[in-house]
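For reference, the structures are reproduced in the following blocks.
What follows is a pair of complexes built around subunit A, which joins subunit B in one and subunit C in the other.
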Partner chain A sequence: MPHRLPSENSPDFSIRQRHRRIFGLTREDAIRAFFGGHAVVAVVVLALITLFLFREGIGFFAQQRESFTRYRQSGQELVDLLREQDRAHAALGRELGELRLRMGAAGAAEFADYEERFADAALPLRELAGELGDIALEAKESATAATRLETVAQLVAQYPQIEKTFVELAAEVNTLAAEWGKLTEASPAANLGAGAAPKNGPPARAREMVYAQKRLRAYVAALPVALEEIRSWSATRPVSQWQVVKSFFFGPQWLTASFWQDFYGVVPLFTGSLLVSAIALCLAVPLGLGAAVYVSQIATARERRLIKPVIEFIAAIPSVVLGLFGIVVLGQLLRSLSQVPWLAWVPGFPYAERLNALTAGCLLALIAVPTIFTLAEDALGNVPRAFKEGSCALGASPMQTTWRVIVPSSLSGLCSAVLLGLGRVIGETMVVLLCAGNRIAIPDFTAGLGAAVQPVHTMTGIIAQEMGEVVPGTIHYRALFMVGLLLFLIALALNYTAQRLLARYRLPTL
Partner chain B sequence: MTMKAQLMGGGEKSFGRGSAAVERVSENRRAAATNPFSTTADGAASRARRWLERSSVGLLRAATYVVLCCGLAVFGDIALKGSRTVFRAEWPFVNVEFLTQAPESLHVFEYAGESREMGDREFRAFAASERARAVAAEEEGRKGRAAPPAEPLRSQSYVYAAGGIWPCIVGTVLLVTGAMGIALVLGVGAAIFLSEYAREGRALRLIRLSILNLAGVPSIVFGLFGFALFVNFFGWNVSLLAGWCTLAVMVLPVVITAAEEALKAVPRGLREGSLALGATPWQTIRRAVLPCALPGIFTSSILGIARVAGETAPIMFTAAYVVRDKLPWEVERISDFVFQGVMALPYHIYVVATKIPQNEYSSRVQYGTAFVFLGVVGLLALSSLLLRNRFKTSW
Partner chain C sequence: MKTRFLHGLRPIITTGLALVFGTALHAQKLVIKGSDTLGAKLVPVLAEDYRALHPDVSFEIAAEGSSTGLAALIGGTADIGMSSRRARANEQANGVAKGVTLRPLVVCYDGIALIVNEANPLDSLTKRQVEQIFTGDVRDWAALGGGAASAGPISVYTRNTASGTYADFKDLAMKKRDYAPTSQKLAGNEQIVSEVAHNRNGIGYVGLAYIGAPGIKVVAIEGTRPSKESVLAKAYPYARPNFLYTNGEPEGEAARFIDYVLSEAGQQRVEEIGFVPVR
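Take a look at the complex of A and B:
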């Protein structure tokens, strides 16, 4: 069959085609513009994300400033200063009580009496705070700043009363501190420590007793400072912008829908997210990187064909299903594991809360492993063959080659894998919402590693939990957007760093 | 030291061959002892090294299999307990009611000495018939015969524990297809422009970088965005349309990146050959580039579907209802279709896992829903894996 050349009449032969123009555009131009439009829409939509997060979030600061102004003008801030003192007193009292418990039964009676007196010392302060609190709460309800300032004048008139309370408190605690010394000397436990005794126990206790006395003295010394702070407080001083920003980024409490005053401090949520992510990474990094090294360097081809799809399948398990697994199975399992007697040496064990940071962290590790594994395996596979061959030719064993040649030369890839894994974990919502326990508090890091089994709340969790209930436009709504914005920026930073790492330390292609 | 030895060996060569050879062997041995990579030398050090090597292999293998076991344990638990809800021992082997009914409350009560379980509707019908029977019996009794006194049915009810998850399945399918439709049209179009038409430059690099970075943004942030823009700003409320757009935006960076990669993988020669034959750019793209890139785009888009289907956070406050009586197509006007909220599988799992008291009855529906959901998502992921292996082409 003779080969047919495209005839001049063939419509496909474009040189012959007449260029029809629509609005001055040829057909090609129109198609180009069509796809260009797609690209523009996509880019605009993606840019809108940033815009809207900022738009909704940034108003938070103005509104919170207003709220803080009201808080100050109504005198609630003053009352909170008093209450803070009361809380400090109670905390010290609890500490003394714990010390007594550690001392054992010895001297229990005198100490119990002492504790009671210590607690009673702060009663006038508490009563005063309560009275003033009622006045301040009334002032908060009043609409105008003028009426508010009027009530604040009432509060300021109480300054002599406050001063008297503080002086009395100082005197009382001072005598108590002196008595503590006598009590310790008289106490059989402390005597035991001074005299002949088992080597470790009692001397340590005696030291603790002395330390407690020091704490008491320091507390007394700090009282005038607190009083001075209360005296220098002024209802008319404007709330600075910096104070508002600080209250969000460094504020230690996230308190919403409160009758007294709402606080939106991101620290408890941020530390919660961090704690959960740290637990997850502690588990996922060794497992993920180990599996990647194993699959890329040691495993046989058949093993590889088995392992890779399974890990990719793990990546496909929806997070809400993992969360359900955590609620129904894993939480219970870990708790009963913690109550096994011979595991009591593990910090934090045994614990009672079924849902806590550890449960969530374990499940998040399962989410992070596939990400870390896939990227790390890629990075290890990208090391030029010549590196491995050269090392082997020099007489290195396979493991030596792996540890001293392959892993170091793909280190940047491994680091970026871990960073992206962290990004995946920090942004995960459903698992932490279901399993992390949702208690809004900064984890108590004085418990050491035991902090891992405390229930926490996270940045993603708080958005998911509270977004459904807030009224658009309120401070609460905007605070949640600020949290979202913070998450967004963290994710961008992690991603960007990971990419820079990859690009910066890319191996030369051989 | 080795250098020196070699030099010396070289020097000796000219004098006597035999002694040089002996010398060289001993030099070799000494060199081997100082070679940090050497494994030939015997001794305690090398035994320790060998032991270290073997144990590190063992550790790595253990890490790998721990991961596999954890994954399989989760999957196994869900599959084992879920299949008890979804499958039946007798014909038709599948729990048809669970897959085709709407969720309803479960009533558990004692009747004639035995414990019975019934769904809400069935229970009402049963209770009504019981009442009718009681009334009839009473009338009988008035006629003179003694009748058993009718006891009121006292039941314990468990919300969502009966019925099925049909509306959730429908809602999920609708959400996923709509979102993927939007994302594919927008994403593939944008990718074609970016890789075929746009001129390389700083602006393009910046766009690519930001798209790549957006792929790692948490899904809850996309949910927030959707809530602010589509639900509040556009006033669409909690609706299918808002859910589609939110999910589409979430998966858009993934689709664009993947489609662009697939387009980039088509060799230059094909384009140049086509252009050289006199084809216009559009003809080149349609006839030469797209057919080659389609499998890749297809594969990655299925991966995107799996991601869209598996996400809960973005639809929590944009599209999902806790419960809805009507199915999506039971609307008065066609235009209402896109402005209605739907039930969705992942959100239903969240609801039954957290919002209702836990007991044996609720755990049935939890596991059943999770199993069906896992099956759907797993099938999508599996088909993407298979497709990728099938279409793996190298140019």
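Take a look at the complex of A and C:
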């Protein structure tokens, strides 16, 4: 290493090394600087990407705050409170409708009429919301806050009308609730459960009717609370920073290109990503880890030479090709499978949509298996030979050695492999864009495991889908960057945890 | 030895350079981006016809949705923007801020046809029912009274937010209300056709040029079926003009191409593909 020679006068050394110095560096120094420079460039690029993401994304909050202020000042928030009430009414009407359908044709006559009256009860509210909505839209178009607030005064003047509508709605629903009680007692359909299978016999029907009655009463009780919220609404209350941040990270709706108001809430996309990743990991972890244990500990050399390259070859398939395969083949196959009669016990089967979280999850599992396999096999191989030899020396069988000694000691490596597989899967775009169904809504988890067959949208998918239509600098553009930032931070956290796990629990080399 | 090798290589090098510079000097490239309704079938065919007449013009057509076309025109990355809807006020404003004037030109009319699976017994829908289905007010086929065979949750397939058809449909059929959160956003007309054809509970909307596919059935809206005649007669409620947008008055190659599209030959092609010509 030292290039300084002892004095030339010394007679002991007859070999002299000539050093050519370019820009003051010897060849070794130059090579070191060259590779070191590559490392520095990599770090600098990563830092720049992080900085760029932050810079483009953080501007979102200021723009969203301005948008919300406008939303409040133009009275749209007030109109949305009314519309929310309308939607809750419609949802309850749908529940009652589903109950009628479950009762079959025998219940049709009495309840159809009831249902129509229930739906009609909300018509005055809907019309009022429509009128006020037009005024609010007009207010939104106006240039300054002052003109907006003037137009909003018209809305506020409508308060007595709103109160009257609510009172009428409450009265109507009260009447309907009382009638429901009478219908329950009187109707033969309710008592006999005509056409139902034995396990859904009369007692279940009666229970459902009582439940519906309770829901109706609860709905009526909630009306005064809603009315109070409307009364206490104010157009001039400032929008807090926390509300804006909350609206992004905990907002339940991602709605763009709306004539009314755009909402940028990341929860539907985040839950979609998580659902698809969870399905993928459920399939990939047993397959990947199992294959790794087999190839590392149990397989013969010939089997290893065959299996390892094949699994690693899956990583070479482009994800867009897998996505195409998913749309054309796998989606159809899984749906036909779900419609097989003797599989009806599986939660969620049979289902109608080909493109859903299950299809995307299966393909993502295929993508994750090589990652998990390679890293897990590496971890299993890093266990010192002394452990295996010692275990065998103490009389354990190969199977016992594998499961009681080797796998537990490489557990940190296996966990790290799974985390990195998760990171790979969460960041996958093409497969989810093509196969996951693109429904921007929080999956309905009341269906239990059946939520896996619902179409979802993911964070990666929404960026790919919407980035073509955004004009740089607009709020939509910045919202997409925020989603990208969130993805980046999640991937960073996963990778960091994986590395820390590996480093902390690494075995000393013996 | 070295010089002899280069000597042999010289003709290849000169030909190569000539080709590169030759094409760069004489070739004209038209970049057309935007609507999938226009850009998936119609504009590529018109581009091919135009190339047969002017071989030195090359086209780059990207059909990812009307909003992408307008955004590209404003950003300067496209010569012509295809759009199946009018530019919005904020897009016009964005354009003006960047020095771009969005100028529309009607090239054809189109009807938005509602399609269901051919196994679906439903034949006609009222406008109110269409609004209810696509906004999510009604979520089950049985609630529409189609008969027991069609019971099941409605699978609504729509275009995505980049699409002009998406926005037009909201305006024409849904009274500007938002789509149901349970709707699935697909990338193009062909994908909607494919999904509805394979899903008994499916319903979606596509342009007139795509209604001939197998497996789907077109639904009449209050008795009127979408066709060239009903669109021209303004009898079909969901008809809209399709535009080609340019930055100000079209110039040069773009102007010549647009003239071709509006000419007799171009409009005949429009009719062949399934759209409604402007004449």
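Basically, the second predicted complex is superposed on the first by the 453 of 510 C-alpha atoms of A that agree within 3 Å, B and C clash if a C-alpha of one lies under 4 Å from a C-alpha of the other, contacts with A are read in each partner's own complex, and residues count from 1 in each chain.
Going forward, a residue touches a chain if its C-beta (ideal position, glycine included) is under 8 Å from a C-beta of that chain, and two chains touch if they have at least 3 such contacts.
It should be emphasised that the depicted structure is a prediction, and the values quoted were computed from it without experimental measurement.
Look at A:Gly468: by the touch rule set out above, it reaches both subunit B and subunit C. In the superposed model, A:Val43 lies in contact with subunit B only, and not with subunit C.
Of the two partner chains, neither subunit B nor subunit C is touched by A:Arg148.
In the superposition on chain A, contact of A:Met430 is made with subunit B only, not with subunit C.
In the superposition on chain A, A:Val295 makes contact with subunit B only, not with subunit C. When both complexes are overlaid on chain A, the residue A:Ala316 reaches subunit B alone and has no touch with subunit C. Number of subunit A residues touched is higher for B, counting subunit B against subunit C. The intersection of subunit A residues touching subunit B with those touching subunit C, taken from the two complexes, comprises 468, 472. Of all residues in subunit C, those touching subunit A in their complex are 64-65, 67-68, 71, 74-75, 91, 94, 137, 139-140, 142-143, 151-153, 155, 160-162, 166-167, 170-171, 176-178, 181-187, 195, 198-202.
Per the touch definition, subunit A reaches subunit B in the complex via residues 12-15, 27-28, 31-32, 34-39, 41-43, 45-46, 48-49, 52-53, 55-56, 286-288, 290-291, 293-295, 298-299, 307, 309-325, 327-329, 366, 369, 373, 391, 394-397, 399-400, 403, 420, 423-424, 426-430, 433-434, 460, 463-464, 467-468, 472, 480-481, 484, 487-488, 491-492, 494-496, 499. Residues of subunit A touching subunit C in their complex: 90, 94, 97-98, 101, 253, 255-260, 332, 352-355, 437-441, 455, 457, 465-466, 468-472, 474. Every residue of subunit B that touches subunit A in the complex is listed here, in rising order: 35, 37-39, 53, 56-57, 59-64, 66-68, 70-72, 74-75, 77-78, 185-187, 189-190, 192-194, 196-198, 207, 209-225, 227-229, 232-233, 249, 252-253, 256, 278-283, 306, 309-313, 316-317, 346, 349-350, 353-354, 358, 363, 366-367, 370, 373-374, 377-378, 380-382, 385.
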